[in-house]
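Look for chain A in each of the two complexes below; its partner is chain B in the first and chain C in the second.
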Partner chain A sequence: MMDSATADENYRKIFVSSSDQDEIREALSNVSVLTDKESVKKATGILKDDKADPGLRVLALYKLAHAIASDKNLILYVLRLLKNKNLPGDIRKAAFSCIQSIRFSSPVIASVQTQITDIFKGLVEDKNQKIREDVISYLAQEKDEYVQRKLLEGIHEPAKALLPEEKAIHLLGYDIHAGIYPILRNIVEKSSNNYSRMEAIHILGSEPDAKDLLLKVYNNKKERYGVRKNSLMALKTYHPEEFNRVATSTAVDDQENPNIRAISINALAHSNNESSYNNPDITEHLKKIGRKVGSAVLKKALDYYLTNQGQKQN
Partner chain B sequence: MNLEFAINKKTKGPYYIGYAPVACTLKIKDGAAGSPPVNITLSNNTRKGGQIEFYKDLNSREADTLTLPVPGDGKVLSFFIGGKFQAPSTEDGDAAINFVNNGNSLKIVPLMVRVRKDANNLTPGERDRFLSAFVKFLESGRYKNFLDMHNAAASPEIHGRSSFLPWHRMFVLDLERHLQAIDASVTIPYWNFQHPAPNVFTLDFMGRPSSTGVSALQFNSSNPLVNWHISGAPQLVRTPEFDTLTDKANVESETTTLRRGPNFEDFRVMEGNPHGSAHVSFSGNSPITNVTIAPRDPLFFMLHSNVDRLWATWQAAGNANDRIDPTDQEAYFFQGDAGAPGAQRIGDNVDDTLWPWDKDKARPRPHTAPGGTMINSPFTAFPGKTPKVSDAIDYQGKTNKQNLLFDYDTIPFIN
Partner chain C sequence: MGTGAAINPSNITDEEELASFVDDIKKSSGTGYKLLPLLKEQHPMYDGKSANAVTRMRGYIMQAFWLTGLPDEALIYVYEELESDREAYLVAAAAIALRGAKTRRFEMASYVLTAIHNIKFYDKPISFERYTPKWPLRKYTTAIYELIATLNWLGCYAKPYLADLAELKLNADHSLGKRAISLLGKAIQSIGNDDTVVDTGCCNSENSCRKFNPGEILDASTLKHKVANVCLEDHEGQKLPFKDAFTQKYTLVAFFYTRCDNPLKCSLTISNMANLQKLFSEEGLSQQINLAAITYDSNYDLPFRIKIYGEARGLKLNESARMFRVTSGYKTLKQYFDLGVNYTGEVVNRHIIELYLLDEHGNISMSFQRQKIDNQDIISHIKDVLSTKKGEGIKRSRLKIAWQNFSSIVFPTLVLFLPKCPLCFAAYFSLLGITGMQLLPYAKFVFPIIILIIGINLYSIFRAAKQRNGFLPFYLCAFGALLVLLFGHFILNKYGMYSGLFLLFTGSVLNSLPFMAYLKLKSRFFSLS
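Take a look at the complex of A and B:
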């Protein structure tokens, strides 16, 4: 440990004192996060130098994370880096990652949250796809109404879409509004985009009147596997009694897709409902077929169900 | 001879121990007044499974066997046991103590040496038991409390301050005890993000992102996590920005983290890197990258189990007890409580109670206190319903003789 600490101190000294770019880069690569005034000052100088090598600026940003987290002005500077569309993508992506990371550790982040949100909103149409998707994801997770409107606009008018339709639907799932349900129903029933249908059916579960549609989709054994799976999980989350009925039926249906069957048995076994995890009809049937099951995942689900019979759920 | 054995006054199993010694007693229930002591030798009943070490008292060294003069008149004799380092259990009850007198086995008591392990090295059974317990807990509806304890309103209370590590140690412990109420053999394994963990990001464990669509996480149909769904949320996504087969997460090395020092204020810089950096080693559409919703991903608790393990490793590397004694500023800088002159904001001082278990909703604390008080363990009354910052520091009980009953497979108890 002492040797490692000494090595770190040596790298720090080299970083602070050297004017050789290669030496600086190597020292900065090897030193741990910068906390002392001299190192922070030098690294900040590199970060703010428009003429410095982009890779070195990214490295400096990375090592300055602790200093940035404690300094409102530095956070705002990093946000300006993110906002600057003339900068190389690597610097901007590193800036985004830095902001996300310091949200887990910064004592001053709350004081700049408004600026973060405003700058992110300004980037929802950024040409850099990664930055665009990341800021839109963040804003959607924060239930931002502006980005929700933009995502909906893209679904209605594909020429204005900021993201692929299925990603837009997925992100709207962070804050479900009643107004979206008719759109989701239409997608499930008519769209040829199965990724969109998978996302839509997952979210539709929260609509009280969607139960029949979920059942219709699930009971169609010719339906795409991912869509059926999501309809089953939506039933489980939002319509547990109906789920219990269909999953019980599926569990004993030897003609059903083994993966769908395994998911049903798995879900019943982990249910909080004793009539689900301790169902004598299911138990009897699974015991009968036990050795004849060819599918490994079905066998595993079956074994788990039978092994956990009678265990009290808390 | 009717021999009664107890761990922490529990006379009936099942029993679970870590590496840190726990108080035990032996008593000859049918002893007669005036009878001489009976020598009883304690040893491991099997060389397979978890192994146990025995301590005459807490001033003694551990031993593989121990002969005790148990009072013949029925009085209680105290001693201690702990799990043997690097010999934990893999199955419930795979360890056992054999109590022998004059070559005759009087009693065999099964137990489990239960420690938190590297998630990358779990047996399939260990992995599946953990996942099952976690999903059952989610299905109970009570996991919502844990989401509410780590949301936007909570973040200023639990991040960016000295109590970050103590608070998250209690947070992980709270969940772990809830999982143990479902399956007592379970601990929260750690995702060792400073090393490649190819066995973690698999269809049978934490899932892999689909290569199509929104890159939703995929699980094998028999994986309990196929049931993982947070009400009111879209499908779970987690897209790594590192090669999960060959690389560590985008974090500093473990050596770098552990060499920070010499005191806690130097070490806690790790809240940024590797902790924050581990969280954001995934693309921005992954909830685990967003501080307000990160626990929606079950990987969250494995990430924090490792953060805690790093702290515990750093503590173990200190001189004597300087990094585990809550009264030592090397272990924790801000002494006293929030009422003292010059104190830090409430929650940061070593004698402050920890939100939300203290149910404190007065400013500057968050306006809600979800989840209630800290859950008890059947084997210890520590830390009690309203833990303090200090209770999180000496988790093995070296200074206060009360341990939190968790250990890491990589950190021994050194008496």
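Take a look at the complex of A and C:
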């Protein structure tokens, strides 16, 4: 039986020497990464060959990641592939993935950063939805002002939206300085899109003034589970005292949704605050209802709370 | 001319209005001063805008200085961006603005070089062709391109930095693009070839923007009414009013917030405070000055957050180095310091680097704003302030010394000239034209007064001995007093008493001499003997 290094070397040799498309494809599929001069040269040739099979070009692109990361000219070539709207979507998507994957490993990426940003910005309205989403996500993480402008425009005028509203909210949430809190409040209060509301609530957790709104949403038992869950989690992250109060009352509320109760009990059990993980009222109540609990999730949370309590005290 | 010129810059509130105003202003040169009020972070137009919008607004204003001319008053704002911003748009705008200055200065090249190092890994494609450019762009510039263009413009004024630029180019392969490297090479060549003779005198080499501005000094009553009762909470959760936190010693106060994402601002400010803490200790200033950092973001920056933030940056938090959040009265505090900060909702959208030195009454006695904290510079300013304060103390102590001198002369003189025998009485009274030996029977009442005065004199000389000229004057006076007592009361010998009086007088004079004069006299006496 061959070890993996030997097998890899064999595939590399086949790739370099063979002229048969199927053999090349198989070798490329199985080789780990191309680093030696000969195979890099051959793979680059395939990548740059407009007439080559798109699938093979995509394979070559993936296997060349290491070589591309250290070569400015190759990075610029991959960017041109991404920019070329006439190429098959798979090649362009692979080009984007390649750029993204070498982002942290390439020692020369900084020298082409402006070109990358320029091309990505130019693709914000690309017709290929996957590419559009990918470049917008990338730029949103960079807190890019143009993308923020476009996302906000889409929220205000849905006809111009480049992405679904909930996705846009999620991406705007990467930047706490984006000034979106008033818009998010409006969405939570008025929107009928619960996915958008869930995202908005999640981000509003970092807005100290949103505490009352979060409590209002959480206390409304008619709200969807996801919406209430996010409200509770937002409170936990940024208003821990308020969360303790709310979670404690939820833990002993037998009329409450079992999943919400389970979340509250788990969060209290994991708290570092002794009044949370060792609350006699909760303990007594949970012991009392222990056998009657129908929900498996709630039962598990309850057991965890009671067991963990003893461990923490020790 | 468009509609923008008719707008009063103080009334601008939205971005479109601003863009229109700036577009009109830049049509004519010499109008840069009209843009100055728009650069203050406190301007209401920044209120409620996202950080990116604020960057867009400030960048658009700043790049207009290239056409309108850059007034000297705007230099501090331009330098601030070059030194501590990592937003490519703002840095590019600042580089462009510099080229609108009437005169080139050596210091400008230093700021440009710093900006290149700050931005080289964060550069972006930029366009100033319109306020809100739309991608894909036909052509774009970058912060690095603009900074290099400014170096070119500086020409011979960038010459002192040629070696740094050459080193930058040599190591630029992994950080700058091909075009930037080529532009840098050309700039180096052009700077090197510029043989214009320039004045390297004080005016060019001096930093035109002083980090130190005498702060607004408010009197105690204004302070009392304005900020004394602002409620603070420290990193341990201890609540106290402003007046208790800042009215015992001099305090160096910095402003920060934990959610700041510019490592050259808040994070660096707190790290610098930690360094200052060490330097204060080394310089023996720890007992005289406290350190404090107040967050701009009090609702988010709870005690545990500010504590972790400070300690992670090396600040040793204790009674004399504390971090605070404001639990009530933030508006008053903001007004008191005239803080260079603005907000979008509760979140900071823009702020400056700012430090203040408060005196022991909580008055602002100094401010360091907009430029990176220079610890040595701050320490030297603080030393100046403290020595001035000490000087006032010295003035007060001089008065005290003068009084001591006066009293040490007056008492023995009184002793000397007080009538101590019937003859003296006769002499005095005859001097005053009064004869009356009938007073002689009261001599027994005068003597205790003389003893008391001599006693007070001796005590004061003894107390002052360590601080002044040692114990010799005291011994002389004590021996003199003994002689006066012995020969004036018990044995009644006028020569003995005169000797005593002479010793009393000599001791008192020696005690009252300045220390250096006393030493001189003493050394002469011993050399003679």
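Quick notes on this one:
The working rule: the second predicted complex is superposed on the first by the 297 of 314 C-alpha atoms of A that agree within 3 Å, B and C clash if a C-alpha of one lies under 4 Å from a C-alpha of the other, contacts with A are read in each partner's own complex, and residues count from 1 in each chain.
The rule is simple: a contact is a pair of C-beta atoms (placed from the backbone, for glycine too) under 8 Å apart; a residue touches a chain by one contact, two chains touch by 3 or more.
Here the structure is a predicted model, which is why all the values come from computation and not from measurement.
In the superposition on chain A, A:V188 makes contact with neither chain B nor chain C.
Residue contacts after overlaying the shared chain place A:I176 against chain B and chain C alike.
By the touch criterion stated above, A:A301 is placed in contact with chain B alone, chain C being left untouched. When the two complexes are overlaid on their common chain A, residue A:A247 makes contact with neither chain B nor chain C. By the touch criterion defined above, A:L59 lies against neither chain B nor chain C after alignment on the C-alpha atoms of chain A. Touched residues of chain A were counted for both chain B and chain C, and B has more of them.
Touch criterion not met for A:L81: it reaches neither chain B nor chain C. Judged by the touch definition given at the top, the superposed model places A:S97 against chain B, while chain C stays out of reach. Contact with neither chain B nor chain C is seen for A:L47 once the two complexes are overlaid on the shared chain. With both structures placed on the common chain, the touch criterion links A:E166 to chain B but leaves chain C unconnected. Across the superposed pair, chain B and chain C both touch chain A at residues 107-108, 110, 176, 206, 238.
Across the complex, chain B meets chain A through its residues 128, 132, 135-137, 139-141, 155-156, 159-161, 164, 181-182, 212-214, 216, 220-224, 226-227, 229, 231-235, 237, 252, 255-261, 269, 271-273, 275-277, 279-280, 283-285, 287, 289-293, 317. Contact residues of chain A toward chain B in the complex are 1, 4-5, 8, 32-33, 35, 65-66, 69, 96-97, 100-110, 130, 133-135, 137-138, 141-142, 166-167, 170-171, 173-174, 176, 195, 198-199, 202-203, 206, 226, 230, 233, 236-238, 258-260, 262-263, 266-267, 270-272, 296-298, 300-301, 304, 308, 313-314. Taken together, the chain C residues at the contact with chain A in this complex read 48-53, 55-56, 89, 120-125, 132-133, 135-137, 140, 142, 144, 172-178, 259, 261, 299-300, 344-349. Within the complex, the chain A residues that touch chain C are 72, 107-108, 110-115, 117-118, 121-122, 124, 143, 145-146, 148-149, 175-182, 206-209, 238.
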